[in-house]
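Structures follow.
Two complexes are shown next, each including subunit A; its partner changes from subunit B in the first to subunit C in the second.
Showing the complex of A and B:
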């Protein structure tokens, strides 16, 4: 009965003569043949102009200052974590050094390269690419624009005007892994990552090493979303980790991590750790601590060296000892920890900070 | 954990319902002859509106309504270009998706600057475990759309507009009205799907949070052979595979996660391609129509 079950329309089988007639009609602009009405190209132009015009509203206008700094982030700066910290760093550079600043969100390697090139061509003295994934694009563009300094926050490529700024978040996740394994009832910990990139995998590696140092038989499960934004998937993945038996979890998933905290808050009987920023407030009932990064002061430091002409390209490693990496405990939950665990954690933090103990990390 | 338990069913529903609702919106539009590529953008607009109204009023009902209406508004923008100005639907839909991603992101940052603490949207309460207004609403939507298309006079007019616009016009069907109506109703479904993501599944808004669900809905309509029942089965299959995939990752098996993340897409494609048989799109899909006397 479906209307869709119609036979092939007669118009489709039009003879050549009929097609010629149709064509003639079309050229005269009369008649009623079905293919005559075509989409208009001019309207498409309007749609695209509108789309790009409004999309571009997020971009900052060209700053006037003599010293100009730009930031490329891989996802939203409203993630209460990795990207938001970088944006705050950019604002701090503006505030403390009087720099003109600009920010752009870039998602694909092509966009990274276009973003770097765009800011360098406009004469920005310093451009940050916020993450490991930016280093190849930065190396390409750095060779073309020797007067601009490029900083990638992670990675290992060094050029005369390109240096990686490596945050040793592993130092904090190692301690959190140690604490997590000490308090886990199931002996199983979970990690939720956005996209598997070496810098994220490395924080989980250190988390697992820390856990094993407390309890060698502990099991650490890692789950990835394939996205930094899919908050619904993050919630499902976290619920799956919890129902599979993980009762202490850490994430490194940027904006999608909101779903991680939602699921943890819902499950109740778990403890979770935030990453890259103090996220204890996102689920205060279950978040025991956050591995924090003070990205703003690190950004200001390197920007000041560029501004004063003191910048020397070399890997900048920042950790617990520099005060850039830290652990923010959630006081009420920290107080519930057994005293031995609290003491061991603080002792471990001291040993790492003093350089007495070196935390394992992925080589990248 | 057993790999298969009731939790898997609930997770499947959560992952499938937004897809099914969005796909119903796409189905309506396509059966009337409008190829709506902008579903993803409409979902995103609906999600932001639901979050904004939800956090402001605390009412999930008002928030859902706001999500649907914003979906309608986005669909109206699409219809103005495609139906009135006869712009290419694929180009317009793509532009709408880009526009929605940028506009919702900008609006979100304006409304909620980084200094403001993140707040949660009101959650829709479950009546029973796994049963809540959105599950029931989606089920009703599917049945409603199916019944409308198959058993009502207006549904016949819609299908006629999609299959043979000129013939329908000659029989007195108001083709333009049918296409406008279905496009707007489709926008409402997409907006509702976006609202579900916010009010039911994540209780928050994240820029780009639809993460391609609109395109999955688009594919489900095609591979489901433009039939509501098959489309819903496709959505459930996709949701189940996705839920299962997260459980497999959580079990710590030595399977590359990228492979697991792929399974829902592969499996759904495979099953629908094998069992759907020959799919024929509405003949006048994506063909502009102008009534001439």
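Showing the complex of A and C:
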């Protein structure tokens, strides 16, 4: 209560009137000399000077390039997986094609639609909706903006300016299922999904089919979080799968997968697989392999075709043979596998890649 | 509302904006561009404005319900759960119970069912308070989880679309959809309803004997007991009203906006509604501008990402600043 001249003498309660007077004086800056308001006013001035002085160095404002590309992701681009790969793809488009790029994280179907529409309305030539769930919104907006190309990564809806880019991750998860069943001690495998959408369910379906091809009696438990981002729930669900007897696990849960790797690292006596990107480093002691996607190269290819006016709307399917889907083994753990399993896995990968063997997948 | 009452909320908003500008500066973004994009994304064109109005409706309903509950000293933190309960039952009526009914009948029924379900969800907390003395703060928070998980179960089970592809309900029949206002693409009749109901709540709270009793209990349960008011009866009443409004918000959302039920339906409307009520200083009419502000933040934040290239996380921090300051500055002083 040191308001200078009107400071309240110690040991005596100020009357309300005295307090009001002290406050009014303080606000006018006439109280004492030590506790003036002026220093604060000048710091405000500095803030505003900074605000208007530094207007030149924006983060990444609206791009002005002739060719402009935008990306909508369903969750955070810092997931070391599905979304990060897409964001890297966007940056690669910027770098290699000189495109102006923009990105938005969108969570609800309304946001998908608003995002698509806004980018299209502002003249973006290409907008990616990163996942199966973007199809309906993309189809709605694609009809309104025929001059913008919309790509959904997964799905089946095709329009003159809308096409799905389907990554055949199933080709990799099938092989991982085969290996997982071969090394499982309990005969039970676990799958952890983010939100239950057909494209994710399909990767687990192939995982299970691969597992059964190695050991017909194997059982596969699937658990969904209802979220792409709930790390704590992913950790709990993974621990639950492990305590229920799963000793080989795969995920497809985007940013929430951090909890999956945490739990696996704690449990120790398990083997897990990463998805959508090389995630072996997230829990190197237990991660045997990752089913990887080279999203950036695929994005650049489709963007180049749009830029050159060569784009034709048809489903773009990319798999092991195209080098877009792959399996990244964790060398020390791979070396521990029985010789026969290693050979069988590599043979299987070759057969799938050559088209000799077709991996089952969900029909969507 | 006295002029002094306006100072704290406005100060809260200005403080949040100033801090946001500072944060944007530290991150190397241009605050003028970024906040400009926010305003543009919220009000810049017709689509943006409609998007803001649509997002405002649930905040209005929940905010009005929270303000009446808090005025009565009942800390209903369960708006989110009551919204989900309302959306769940509304969806059941629209897609399973009466999908073939006429619109004149079905739309009101869907809304009433949602409101009743929300009131029931609030009523459970009231029952626990009356019967067992369980604090409504705890019970309403915990009931949130049950309702959210209940919706998750329903869309994976009994209410899942017949094609079985997504964990979501079937689309509402056209007769169960709230009609759009004439000349608008997205603004549905529920927005009007949501703008009228806070006025009704204001009349109830400040122009009726029942409202006087509610406020008396909020000011002093002891004193009101001496005056012949039963505080518990008012507690039950107010939980039913605020639960009903949140349930109605859920029904309006599925019937007017999404046209179906799915997980993560609400981007936290039930919790933002609390911030709306606090920023409005628990005044049912103050809820109108407060809800508009938070709706504008939500719809403008996407534009901040799209136009100014500000990362989503930063946008969330800015939203948190507004909530933080509206709670810190704008809470009415008790015993002040």
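The rule is simple: the second predicted complex is superposed on the first by the 304 of 364 C-alpha atoms of A that agree within 3 Å, B and C clash if a C-alpha of one lies under 4 Å from a C-alpha of the other, contacts with A are read in each partner's own complex, and residues count from 1 in each chain.
Just so we're on the same page, a contact is a pair of C-beta atoms (placed from the backbone, for glycine too) under 8 Å apart; a residue touches a chain by one contact, two chains touch by 3 or more.
This one's a predicted model, so the numbers in the text were calculated from it and none came from an experiment.
Taking subunit A as the reference, the larger set of touched residues comes from B, when subunit B and subunit C are compared. Look at A:115: by the touch rule set out above, it reaches subunit C but stays clear of subunit B.
When the shared chain is aligned, subunit B and subunit C each come close enough to touch A:196.
Applying the stated contact rule after C-alpha superposition, one finds that A:76 touches each of subunit B and subunit C. After overlaying the two complexes on the shared chain, residue contacts for A:169 are found with neither subunit B nor subunit C. Touch criterion met: A:88 reaches subunit B, while subunit C stays clear of it. Of the two partner chains placed by superposition, only subunit C is touched by A:364; subunit B is not. Of the two partner chains, subunit B and subunit C are each touched by A:226. When the shared chain is aligned, no partner comes close enough to touch A:320: not subunit B, not subunit C. With the contact threshold set out at the top, residues 47, 50-52, 54-58, 76, 105, 196, 224, 226-227 of subunit A are in contact with subunit B in one structure and with subunit C in the other. Taken together, the subunit C residues at the contact with subunit A in this complex read 18, 21-22, 25, 27-33, 41, 47, 51, 54, 152, 156, 165-167, 257-258, 262-265, 267, 299, 302-303, 305-310, 312-313.
In the complex of the two chains, the subunit A residues touching subunit B come out as 1-4, 6, 9, 32, 34-35, 37-41, 43-44, 46-48, 50-52, 54-58, 75-80, 84, 87-88, 105, 190, 196, 219-227, 229-237, 239-241, 243-246, 255-256, 258-259, 262, 281-282. Subunit A makes touch with subunit C in their complex at residues 47, 50-52, 54-62, 70, 76, 102-111, 114-115, 117-119, 121, 133, 195-198, 224, 226-227, 364. Interface residues of subunit B, counted against subunit A in their complex, comprise 1, 7, 11, 14-15, 18, 81, 85-89, 91-92, 95-96, 98-99, 101-103, 105-106, 108-109, 112, 114, 117-118, 120, 150, 156, 159-160, 163-166, 197, 201-204, 206-209, 211, 226, 242-243, 246-247, 249-252, 257-258, 261, 280, 282-284, 287-290, 292.
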